[in-house]
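Chains: A, B, C and D, in written order; residue numbering restarts at 1 for each.
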Amino acid sequence: MRKNDAPVYYGDYLKLDQLLSSQLPKSDEHGAHAHDEMLFIIVHQVYELWFKQILHEMQSVVEVFGKKYVDEKDVGVAVLRLTRVTEIQKLLVDQLRVMETMTPLDFLEFRDFLFPASGFQSVQFRLIENIMGMKPEQRLLYNKQAYYQNVTPDHQEIIKSSEKQASLFQVMERWLERTPFLDFGGFNFWEHYRSAVNKMLKSDRDIITGNPLTSKEEKKKQLLELAANEESFAAVIDKTKHNDVVSKGKRQLSHKALQAALLIQLYRDEPILHLPFRLLTALMDVDEMFTMWRYRHAQMVHRMIGTKIGTGGSTGYNYLKATVEKYRVFGDLFNLSTFLIPRSTLPDLPAEVRKSLGFAYAQQR
Amino acid sequence: MRKNDAPVYYGDYLKLDQLLSSQLPKSDEHGAHAHDEMLFIIVHQVYELWFKQILHEMQSVVEVFGKKYVDEKDVGVAVLRLTRVTEIQKLLVDQLRVMETMTPLDFLEFRDFLFPASGFQSVQFRLIENIMGMKPEQRLLYNKQAYYQNVTPDHQEIIKSSEKQASLFQVMERWLERTPFLDFGGFNFWEHYRSAVNKMLKSDRDIITGNPLTSKEEKKKQLLELAANEESFAAVIDKTKHNDVVSKGKRQLSHKALQAALLIQLYRDEPILHLPFRLLTALMDVDEMFTMWRYRHAQMVHRMIGTKIGTGGSTGYNYLKATVEKYRVFGDLFNLSTFLIPRSTLPDLPAEVRKSLGFAYAQQR
Amino acid sequence: MRKNDAPVYYGDYLKLDQLLSSQLPKSDEHGAHAHDEMLFIIVHQVYELWFKQILHEMQSVVEVFGKKYVDEKDVGVAVLRLTRVTEIQKLLVDQLRVMETMTPLDFLEFRDFLFPASGFQSVQFRLIENIMGMKPEQRLLYNKQAYYQNVTPDHQEIIKSSEKQASLFQVMERWLERTPFLDFGGFNFWEHYRSAVNKMLKSDRDIITGNPLTSKEEKKKQLLELAANEESFAAVIDKTKHNDVVSKGKRQLSHKALQAALLIQLYRDEPILHLPFRLLTALMDVDEMFTMWRYRHAQMVHRMIGTKIGTGGSTGYNYLKATVEKYRVFGDLFNLSTFLIPRSTLPDLPAEVRKSLGFAYAQQR
Amino acid sequence: MRKNDAPVYYGDYLKLDQLLSSQLPKSDEHGAHAHDEMLFIIVHQVYELWFKQILHEMQSVVEVFGKKYVDEKDVGVAVLRLTRVTEIQKLLVDQLRVMETMTPLDFLEFRDFLFPASGFQSVQFRLIENIMGMKPEQRLLYNKQAYYQNVTPDHQEIIKSSEKQASLFQVMERWLERTPFLDFGGFNFWEHYRSAVNKMLKSDRDIITGNPLTSKEEKKKQLLELAANEESFAAVIDKTKHNDVVSKGKRQLSHKALQAALLIQLYRDEPILHLPFRLLTALMDVDEMFTMWRYRHAQMVHRMIGTKIGTGGSTGYNYLKATVEKYRVFGDLFNLSTFLIPRSTLPDLPAEVRKSLGFAYAQQR
């Protein structure tokens, strides 16, 4: 209950007059009413409202993690907000089902009136991609042009300047790099991991070479495979090899950030690493849901307009399909699974270290 | 490709300037920024956009079925549009998950600033209820007042006048009443149904009375039950008994419409009844999804604000819960299942009748 | 890679021979093949497999929380497993959509062959209800009989003995009661809460009585409402009043457990309370999803068989509908929202207390 | 109610003893209990149960459409059954979320015990692919071997023989080829379509060449694009060109079947084409959902095991990803959208033709 405030009215608060008068079908303007154009407009408007909300959440997370010191509480808040983004993304995907209730033939009734407007002109979606951390060099050309060429000069400015602002990828990478536990209280996590991996690989080699039942040819194949696995682990453990992989564009995270992410995965049961673990999971969820959205969106376009050849000789569908995997931002986190090893092969943390990673309260008992 | 038209720009077409400047959090106005208020606003705005779309679809269906002669094509179009409504309703329900990422404590940060605005003030939602066919006498009082008392006089006018307009329920009832097949080509559907039901009930009675294994007491119980079933069938077959049930408010559809709906269910495999069958299913789907929305909405409110006692002594949660089942419009169609009998107990349609219900083309072969 | 083990074959591992030969339609046995009976069997078998998995998870959580000392890690594990249960529950609900592709008329083709088998005979579902913590006295009679009367004597034994085993509700209540933070390091949480509530209620009273614009009658109404709110808060703060509410069956949790749950809600941002908060949320999610399942299941039954009068004079649909809200186990947690107050009205924790609730590591900096 | 039958018991009917004793974790066998292996087993068993159901539906559809004369009723039944398959497929996809509650580290606890069992050994899934109509030559080699090499000889026989049986693709193609309406009652659909397309393309050319505002270079680009569109339409209209595309493996359907499918799309509002239209849509839905399943499954594998190099030098993830689009069966139906033209450019059907396509009943009025 509040004193003296003017009563708030639902419709005013939500600006419904403005909101509900924003649907002006072009087919009506052309005197050729197409029933389904309303759906087309409203679906896109809902998308833009959700995009605004996603930006709202992402900006707040970038801001918090851009600070020098990130409080534990902040990690919890970031997890909640990114989880919210994921819930919104599920709607973005499911919403395609509503769009698909419009058949290709119904779309043809007003499609020509919209020329050359296109979803590629959504400024907010570009801002989302950039605040996620998509790199300009990662993008595909569309009709041999940069991705922002088809919007107004004002909008181009907004998009281009967003490329230079702090992204989720950047702030998370820096936060990971600051993790103090890689070498902590005399326990060198990395040394132990390397040793456990070597032991595992050596045991694999012994099994292969010692098996009396495998043919010579089969043995050779297995050893080749093992060598590839060794190489793969080496590219994580060895900083120089890691940097080599990065320079080829096959990995994005710095060596230190990658190490920290792996540590968090492997020791996620320790209370102090629980929220960081959930944060990495939330980042993967957001990334995966955008990938899913791109995939489902491409399918929907295929179903709606087939493979019509568009301006510039490329089809919308093929372009969209090509972006699905290419536009992933946190792919390194997914690939981390490659480098997990069974908990049982890792040493327990020394009691003192474990204590430090627990709650102060527990120590006082 | 179109000649001479000005090129259309995505942002202009969707009125994004207007749309994306419609979020003005009250907490900011009060200098007490609450991060989650943006979500609260946008979720409600998305609801209102979908409500507009739902009204757009429903109005078009009412218009088509309000005509004297409803073409077969129109039935198909109505099915598609109601199916679209159902797809939108799924989003309305799923969207609650996004809302639930806001915790009760976060809501408290700005809840007081919104007083006394409330979702009960959504005019569009009232219009949807009324175009569905909700009867004013079916509604619960809220704080001892009519459901439209808490909106502005202008809005009250809009809502009240919508009570008098043609509803989905009305046009569907009239369309059902016009079904020509209840007595058609010498085949009296209703006579055959009555006879099949009687045969089934008689056989049930014989089994009960003739079973040497059931105790006297058990037999008595079974016969009471059978009598109740007989009564229940009688209230469908007998017009007077039917009208009696209607006058008690336990059934809404006229006797003729109910008969037609039952015919459609039982002979839905005949080509000419296929689309009518899908239409009845679509109406039930829409009705069920609103019921589901009411249910989930009430749950969400419970989780968000508990059972706080509100203005007038009733709690929002309890009020919402009470509307869930009460506000169903096409309940009669659900109850029809009670009166279905196995296909095998119904007579095949005479060849001449079946022909008439098939495609002209097939006859020409 | 493992030495010396026999290779595992997919079909053997999953016992597919056994699994895929477990579908024996009764309609075929009666020489009256009904295509849809296969669906009916498989849908129910899938339900039973998921029930087994749910029991597996719940039993493990009860076991861990039944121990004298619950480790922080265990809380995290419990959250993950209950979250898994919720994901399974979503499938249980969505699976009804598959069932609904069978129309009422198709069901009639084989329904009589199944007499008197019924989903009420699912032993596993009863075990789930009991391990959740449903109280025998909470249950509705079905046909004037206890809920386990319609299964075999062996199964009755299994169900009845499960009533006596430790339930999620019990172990959680005890764990809450042991929370050490209600009066900790000289900070009496409960005292502060009471004082904040009183201040809030007093301010509300001042606003009401001091408002020159409200009519006498309106003022009276508002004061009555306020008194009801005061009473409601008193029944949480005052142990005697709380116990009174419990004895009327309107609340289940002990006073101490309820206090702890409220503390966790209000100070959930403190690292040490983060996982406990997530645990309470997970319990509510599981409870809500069962409620949802009961609701959707009742709807499906309504749609499938209408309101046919069954053995004992009650209809399946009405019985199922009556259980929806009545069978909730953690309702107290939902009602807690009633007693939340804005964070800003609560005192900050003293620095020393906050330190104790943080990580040991942080203190060492 | 039925006389003399033995009462049916829920647990017996569903063979629960057999079903619920089919979970034997390998980790227990090795004395190294891994809690999550139960989930792993049950998830896969549920998949296999659903696969059985999907085969049940698909076989029944193939059987019906394999008949010489397909009744209108049969089309309706096929639509319902394929729709059911799609509802099941949604569960298959959503079920991955349950699987994903198992973290990569938890999987490592028992993964080695399962070697070399693999989902690639699911016989039922191979049967589903084959009954859909996947061509052997369409398949990718896995580790340089045919897709059935890793199952037992018995299972290989079953899979290989399924390659030779009638598939959904085949029976649907033949059914489409028999469509009588391509040249019907003196109305040559195909002639009219060709003429409407030519008119449209000519108008496009006129607009391009006549536009005084486009630069010479831009004009050239637009004309190239137009030529590509002309070529694309020609490959549908002209049988020889069509066969050329087929021989290159870029299209599967025969020319006649493709024509019929296009006719159905364009005149789907005619009552007699309504169900055929829904059938084509259902086929696309089933196809798309399998594609979606492949996609989501590949993502899950990526997240679970990363890009570990497996036997034969290829990674499971990359193999799975490669099958996503490649294993589509009804791609031609999706591509049809490319060849739709606005309804307004097509001639109305002559009254006599339209009558033939309507219901006999309507003619008699």
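Throughout what follows, a contact is a pair of C-beta atoms (placed from the backbone, for glycine too) under 8 Å apart; a residue touches a chain by one contact, two chains touch by 3 or more.
Everything numeric in this text was worked out from a predicted model, so none of it was measured.
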{"item": "Interface with more contacting C-beta pairs, comparing B-C to C-D", "value": "C-D"}
{"item": "Chain located farthest away, centre of subunit C as origin (C-alpha)", "value": "D"}
{"item": "Gap in Å, rounded to a whole number, between the CA centres of subunit C and subunit A", "value": "33"}
{"item": "Centroid distance [mean C-alpha coordinates] between subunit D and subunit C, Å", "value": "39"}
{"item": "Distance from subunit C to subunit B - Cα centre to Cα centre, in angstrom", "value": "29"}
{"item": "Residues of subunit D whose C-beta touches two or more other chains", "value": "1-2"}
{"item": "Contacting residues of subunit B [partner subunit D, same complex]", "value": "1-3, 72-73, 76-77, 180, 203-204, 207-208, 211, 269-272, 274-275, 355-364"}
{"item": "Parts of subunit C lying in touch with subunit D, wherever the complex brings them together", "value": "1-2, 5, 7-11, 13-16, 18-20, 22-24, 26, 35, 38-39, 41-42, 44-46, 48-50, 52-53, 56, 60, 80, 83-84, 87-88, 90-91, 94-95, 97-98, 101, 112-119, 121-124, 152, 155"}
{"item": "Subunit A-facing residues of subunit D, complex", "value": "104-105, 108-109, 221-222, 224-225, 228-229, 232, 265-266, 268, 284, 288, 291-292, 295-296, 299, 302-313, 321, 325, 334-344"}
